[in-house]
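Each in structure tokens, the structures are laid out below.
The following pair of complexes shares a single chain, subunit A, combined with subunit B in the former and subunit C in the latter.
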Partner chain A sequence: MNEFVYDVFTRKERGDRLQHVGYVDAFDDETAKIYAWTTYSEERWFEMCVVKRTNVLPVNRVDGLFVEAQKAAHV
Partner chain B sequence: MSEPLNISTLEGARRDALIRLIITLADSKRILGIRYSDWTLGAPSIETGVSTSSMTQDEWGHARLLYAMLKKLGIDPAPVEHDRPGEEFASIAALDHEQPDWAGLVVLMTLADGAVSTVLRSFATGTFDLAQNRVPKMLAEEEFHASLGSAWYRRLAATGGEARQLLTSSTEAMLPGLLAWVGADDDAARLMVDAGVIGPASERLTAFRDLVRDFVALVGVDIDSVEASADWDEARGRTPGRPDEEACQRARGDLNRALLVE
Partner chain C sequence: MSQFTDEELMRKVQEGYMVEGPEDMTEGYRKALRVQLTVQADTELMSAPSYWMAARYAPSTNTQVSAHAIIQDELAHANIAYRLLEDIGESKEHLVYGRQPHEFKHPYGFDQPLDNWAELVVATGFFDRAGITLLTDVHENTSYAPLKRALVKIGMEETFHLRHGEVWMRRLSKAGGEARELVQRAVDWMFPMTIEWFGLPDAMKRHSGQLDFKLKGLTNDQLRQVWMASTVPLCEELGLNAPAHWDNVKGEYVLDYPFPCQYDAVDKHWAFDEGEISWDSVFERWKGRGPMNEIYVESVQRSRMDVERWLAA
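On to the complex of A and B.
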């Protein structure tokens, strides 16, 4: 069963910068949202969102996590 | 909605029926929490384990809120929570034993948790003010459980092989008891319907069947053809049986009795 990496972003208060707090492995968008919400529950977040790592397009790097995710998605 | 339920004039069989309803809902929440906690370690991934842990906390929080409703009827909830023997637990039969596999827990999340939410939804729109005030937040928290259950149910159903087989057998085993519980139509249940505390049995059953129809169809089960269990324990408002002793000990907090804080 295939799983994907989803990066988790949060902001604690309205107006705060959106920050990367970690990632979860999930098999679809719906479970990614649930896993993120239950895993990163240490704060009462004003906002949380998840991004499938393969949807992040690297701009200036030719190596690293996001490039690897892109490569894996196109195998 | 009818006039709010007047607790001060509630007596006899109607009062007993409301107590039975509150206890079967509260016990089901408490034992459901234990069944989720059984899989906090051993779930298919760390993320899923964290989610079952979170659902455990939700269910225990909901149970406490439900037991506390007994205060309004002049009953101290502490002995109900901590001193009852297992034979008096009124939780739904699907929760009597730990699920032997992950597919069973997914069926529990989808169908058993769904059954409890169906009755709670009916309770929340009835005439009992505490249910109107407290239950909607529980139902909002339950949306996560339903989403997780639904995603896993679809995933295992599509996988085929042993996982699908286990999903099918758990579904078939659980449904008759759940239909009997959701569609309770004995004297006590009818008293609650007459008082407007919950909706009629047919309405609850339709809501539950609509909720699960598409899921169970994925494993070849036609919800409209499944018959409810005929066996019924009128005193507790559930099908016969009881949770295993270990679950009862954990639910009562037997091992932590000296540390109990109310």
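On to the complex of A and C.
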């Protein structure tokens, strides 16, 4: 099955930082939202967002998972 | 790959260096992490069908919900661990759907049937306590930063599973009669099962890359002691017989039966009276897998190929 990596970001309370809590594999944006909501259900999040990993643009690193995702997307 | 040698990386992680990804790893580190994460992922994954098939014994809709909440958590934990494996170059597709039942690396305890509500709650009380014991140590000590972050969620949820198990163990034990007998019978086979789960005694343990690379902090025997330090007093408080006691002279918990010993998976009976056996025979029993191995793995893999075919059509 052709899936993409989506990184999951959450904010626990109003005023908290939006933080990276993990990632899911999903076919598209809609399933990514559902998978993220059911997978990272340990808190009653004030806010949750998902970002397709290929949309994360590394600024300073020349290696690491986000750089690898960019390379894979532009093959 | 890392700019370090194994020895350099071992020294750096002992000094507090955190590994963030494959670019920081040596091949030795990657292999040790792969083994650890595979056991972790497979254990979470195979606990799901084991608990799922036992959840039908839940005595109310509330308990159905809490049992299924535990199963949902376990599957999410498995998914997170397989994702971490993908990041270091493994294939989740292969690990979950491409392996034969006997190739999974979960403990023998999750190859056993759970046959009533008492067995399910003792399993969440004992097996999830073992999970917390192992993963708390990893959380506190691991040099692999993505795993440390992932374990925050996993630790919170495993604590709920454990509480669920212990509350119900208390309730059934207090009820007396058949309820209490069923809990005792579950303790009789699951206590030694969990003790064995922690693996070879330190005196026999070969060189551990997981300790050298700081992927965990405690040895097998230390982890066994941590587990017993919670479980033995719980059993004593509930008036349940657990085959271990605190030894004042040694300053540790000691087992009241030959360890390791043979297990009859059909009768769920440990042959204490037949004496100690070799660890080679334990490994042979583990390798042969338990009675539910194929059924549990099949229940996870069942529909994958069919749905792939439908989607491709």
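As a convention for this text, the second predicted complex is superposed on the first by the 75 of 75 C-alpha atoms of A that agree within 3 Å, B and C clash if a C-alpha of one lies under 4 Å from a C-alpha of the other, contacts with A are read in each partner's own complex, and residues count from 1 in each chain.
We take it that a contact is a pair of C-beta atoms (placed from the backbone, for glycine too) under 8 Å apart; a residue touches a chain by one contact, two chains touch by 3 or more.
If you're wondering where the values come from, they're calculated on a predicted model, not measured in any experiment.
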Contacts of A:T39 with subunit B and subunit C, given as first, second, both or neither: both
Touching partner for A:V24 - first (subunit B), second (subunit C), both, neither: both
Touched partner set for A:N55, first subunit B, second subunit C, both or neither: neither
Footprint overlap on subunit A, where subunit B in one structure and subunit C in the other make contact: 1, 24-25, 38-39, 41
Contacting residues of subunit A [partner subunit B, same complex]: 1, 3, 24-28, 30-31, 33-35, 37-39, 41
Residues on subunit B engaged by subunit A in the complex (per definition of touch): 45, 47-48, 50-51, 53-54, 144, 147-148, 150-152, 155, 159
Touching residues (chain side subunit C, partner subunit A) in the complex: 20-21, 23, 72-73, 76, 79-80, 83, 87, 92, 149-150, 153, 156-157, 308, 311
Sites on subunit A touched by subunit C in the complex: 1, 20-25, 38-42, 63-65
